[in-house]
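Common to both upcoming complexes is subunit A, partnered first by subunit B, then by subunit C.
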Partner chain A sequence: MESKNYRLNEAKMFADITDGIAIIINASTGIYYGMNGYGTGIFDNLLAGSSTNDILTAIKALPDVPANAEEHLSAFLETLLGFEIIIPAPESSREASLVLKDAVFDQFIPVCKEYKDVQELLYADPIHEVSEEEGWKPEK
Partner chain B sequence: MADAQEFFINVGGIRTVRVVSCNPQAAPMIRRQLAWSLAEPVPDPDATLVLWKEKVDASFHSRILGIGVEDDGSGDNLILALRQGDGIKPFGEVSYENRTASLSDGDTSYCCVESFEAEEWIKEGHLFVHWLYRVADTPTSHLVHGACIGLDGKGILMCARGQRGKSTLAVTAMLRGFEYVSDDYLILEKRDEALAASPIYSIITLSPRMYETLYDDLDKARFICNNARKDKYVFDISGYGSALRREYPVKACIFPEIDTSLSQAVIEPCSEVQKGRAITHLVHSTVLQMQAQGDAGTVRKLIGMLQGLPFYSMRLCPDIYANVETLRKFLLSCR
Partner chain C sequence: MTPLISVIMPVRNGSNYIREALGSLLDQDCRLQIIVVDDGSQDNTADIAREYGCTVLSHASSQGPVAAKNTGLATAIGEYVLFLDHDDKMRAGALKALCAALEDDPAASAVQAKVQDFKSPDCSDSTVLIKPEPYYGLFTGAILMRRRIFDTIGLFSTEQAAGEIIDWTFRMRQYGLDIKKIDMVSADRRVHGSNFGRTRRNEEFKDFAAILRARLAGKAK
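So, the complex of A and B:
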């Protein structure tokens, strides 16, 4: 994989990473994008200035990495570019770090999905503030 | 309906709606919770919410709804939905776990809860927020999860998800002489190019630690109850009505984050990326809290309301009073 750098397409996208999950909103269309934990880790490293090679090095340093991890990374980057979430950035390098627990939980497959209604995102990946006692409803 | 009582609520100056309480036990809580939104009766309210007390369990379906649904013992919510074209539109929900049931029929919504005891009711406090979220959703207005305070008619909207210090900053600022709209939920309305904020609730919740810190300043607050988890106290703050502002002009947005390494708060203009984070927080937090439809149109509307405002990041230090004074200096320096 040819090493590249990317940054947030800030002219079009708003993004936030809270509690290990990235939420991106297209400011013009109002469409939401959500990532799984492993994808969020990769996205976070990209935004912090790591190159794709830096990220691949970090992935390969994790134990029990599947042989197709690089393929999944490439596909994920293509998805982000396709959604116009990221755009090319000047070359830079920074040591990347990824959370093994997230990578294993997501089976080393980073995912970014488009949600035209946020409700779909909430059902798909309930990252809302749930307490064990209260369930879904946060308390006033 | 012999015991039914009516309450009229001014929703951000854009709508007047009616709550019909079929149980007298609900009345004191409605008055305390919505003291700042209560309005004079109108002949044709824009919407009505009917509240009553009813045991909500597996037999509720056949007793109230007239439908036979086998209870599979899972305790899951039952979502009632109508097929509309290719989609399904939910119109009601029966929850055994939360002991509530709600249905919507045009401009009238019906909701029964199993208990009107204060603690239980506070737990269901989102019931009003969820209903008013729908009522306040007009082309130019929306209910949002955020805080708003200000000075001399210059309001700032604080955009942040929970645990970022916005509620503490808003309440402490009010106690220290700031103008106050809300620490949690409010109605935003765009009029021409100006944005205005209005309150919903006249209650706040404080952790015991925060209550101890603010004790000397809380002379006009009245304790209502513990929250259901018993980790916070609920107060009626309608005694601070002189600080309250409705349809209050919002001039800027603040994105607060706690930084325990600081000895003094720092306020700086947001970069475009930070501004995006702040807007994402407000939009996402609003949708999460409401558990509501967050279609792209709604998200676009919220973004459109905020995008023209100046955004500032505020890194809060552990001293809550110092944070308030930094904010005061900042607002006084703004033209």
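So, the complex of A and C:
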């Protein structure tokens, strides 16, 4: 896997990690995303500046890591890119760390799911006056 | 006799706009109990509210908009309740129409209309953006609810500094309480450089995230 760096797509997304679970809200659509614990750990390391290789190294350092862990990591990153949660960032390196029990609990499969069930609520709330061009149109 | 509506207006240092908001309530042709909850203002907000004959409840120091809503609810005696921010304006006749819609549908616990954003004339911030079309509003001037629903779902959660409206909506759903949508614009929502949602965006997002996280945990059970 080619090493890359990513950062949060702050123009669209708000991310909050609490109690080991990431919630990301797309401020312009009202769609939100939830990750499992293992996915949150990977995401947290990405935001902290670890490269994908740094994260893969940390994964491989865990005991009993399955052979397809790298495939799952690649698929997870593709999912995050597809949701536009992350965007490419300048190259950097930082030692990554992951919580073993989260990885084992989630069977080394990082997951990020999309939810649209409160889209209307988040859409209507005043906080969605986002400043991006694709958000609300400026008053003429 | 038409039902009494309690209008609750939480406000802190709102002397700049509150006259417009209160004035918009005078055009409603309804029986109103207007409760202004002054959340520790340092200006003459409370005096203005008294000029308009409102019931004024004062917090000695600021407790935030969530607590202010609860303070207002504790004094509300109307069959129906509506919240209106001090910087927004009800459209003429809108409250009567909302009331009629709720009267006509005993199964509905609340009715929800649309609001239309407008840029405050005193706002010079070019980054302020306005939703171009009316949209179904969350609370301020948009939702008329039966007061008794709070006996079922409880007061607003003060665990959140913001995001209480989404929490309220989830609890309405949880208890199977119906919110009926009405295709009308009931209020104009002022957008300026210091809207609560704009100035405390990250804090509100964190509250939303906490609510959504709890929601996902519930789904997983």
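The rule is simple: the second predicted complex is superposed on the first by the 117 of 140 C-alpha atoms of A that agree within 3 Å, B and C clash if a C-alpha of one lies under 4 Å from a C-alpha of the other, contacts with A are read in each partner's own complex, and residues count from 1 in each chain.
By definition in this document, a contact is a pair of C-beta atoms (placed from the backbone, for glycine too) under 8 Å apart; a residue touches a chain by one contact, two chains touch by 3 or more.
As the structure is a computational prediction, the values presented were derived from the model and not from experiment.
*Asks:* Check whether A:K116 is in contact with subunit B, with subunit C, with both or with neither, and answer first, second, both or neither.
*Replies:* So A:K116 only meets subunit B here.
*Asks:* Which of the two partners, first being subunit B and second being subunit C, lies in contact with A:I21: first, second, both, or neither?
*Replies:* After superposition on chain A, A:I21 lies in contact with subunit C alone.
*Asks:* Quick one: classify A:E78 as touching subunit B (first), subunit C (second), both or neither.
*Replies:* A:E78 contacts neither subunit B nor subunit C.
*Asks:* Scan A:G34 for contacts with subunit B and subunit C and give back first, second, both or neither.
*Replies:* It touches subunit C, and subunit B stays clear.
*Asks:* Let me test your reading of the model: by the given contact rule, A:E10 touches which partner, first (subunit B), second (subunit C), both or neither?
*Replies:* Only subunit B is touched by A:E10; subunit C is not.
*Asks:* Have a look at where A:E95 lands relative to subunit B and subunit C in the superposition and call it first, second, both or neither.
*Replies:* neither
*Asks:* Under the contact definition given at the top, report the residues of subunit A touching subunit B in one complex and subunit C in the other.
*Replies:* 14, 16, 18, 23, 25, 27, 32, 118, 122, 129, 131, 135-139
*Asks:* Write out the stretch or stretches of subunit A touching subunit B in their complex.
*Replies:* Against subunit B, subunit A makes touches at 8, 10, 13-16, 18, 23-25, 27-32, 116-119, 122, 128-129, 131, 133-140.
*Asks:* Would you tell me which residues of subunit C are touching subunit A in their complex?
*Replies:* Listed in rising order, the residues of subunit C that touch subunit A are 119, 126-132, 135-138, 165-166, 169-170, 189, 191, 195-198, 201-202, 204-206, 208-210, 212-213, 215-216.
*Asks:* What residues on subunit B touch subunit A, complex-wise?
*Replies:* Answer in residue numbers: 97-98, 122-123, 125-126, 129, 161-162, 184, 201, 203, 205, 227-229, 272-273, 275-277, 279-281, 283-284, 287-289, 291-301, 303, 307.
*Asks:* Which part of subunit A faces subunit C closely enough to touch in the complex?
*Replies:* Listed in rising order, the residues are 14, 16, 18-19, 21, 23, 25, 27, 32, 34, 115, 118, 120-127, 129-131, 135-139.
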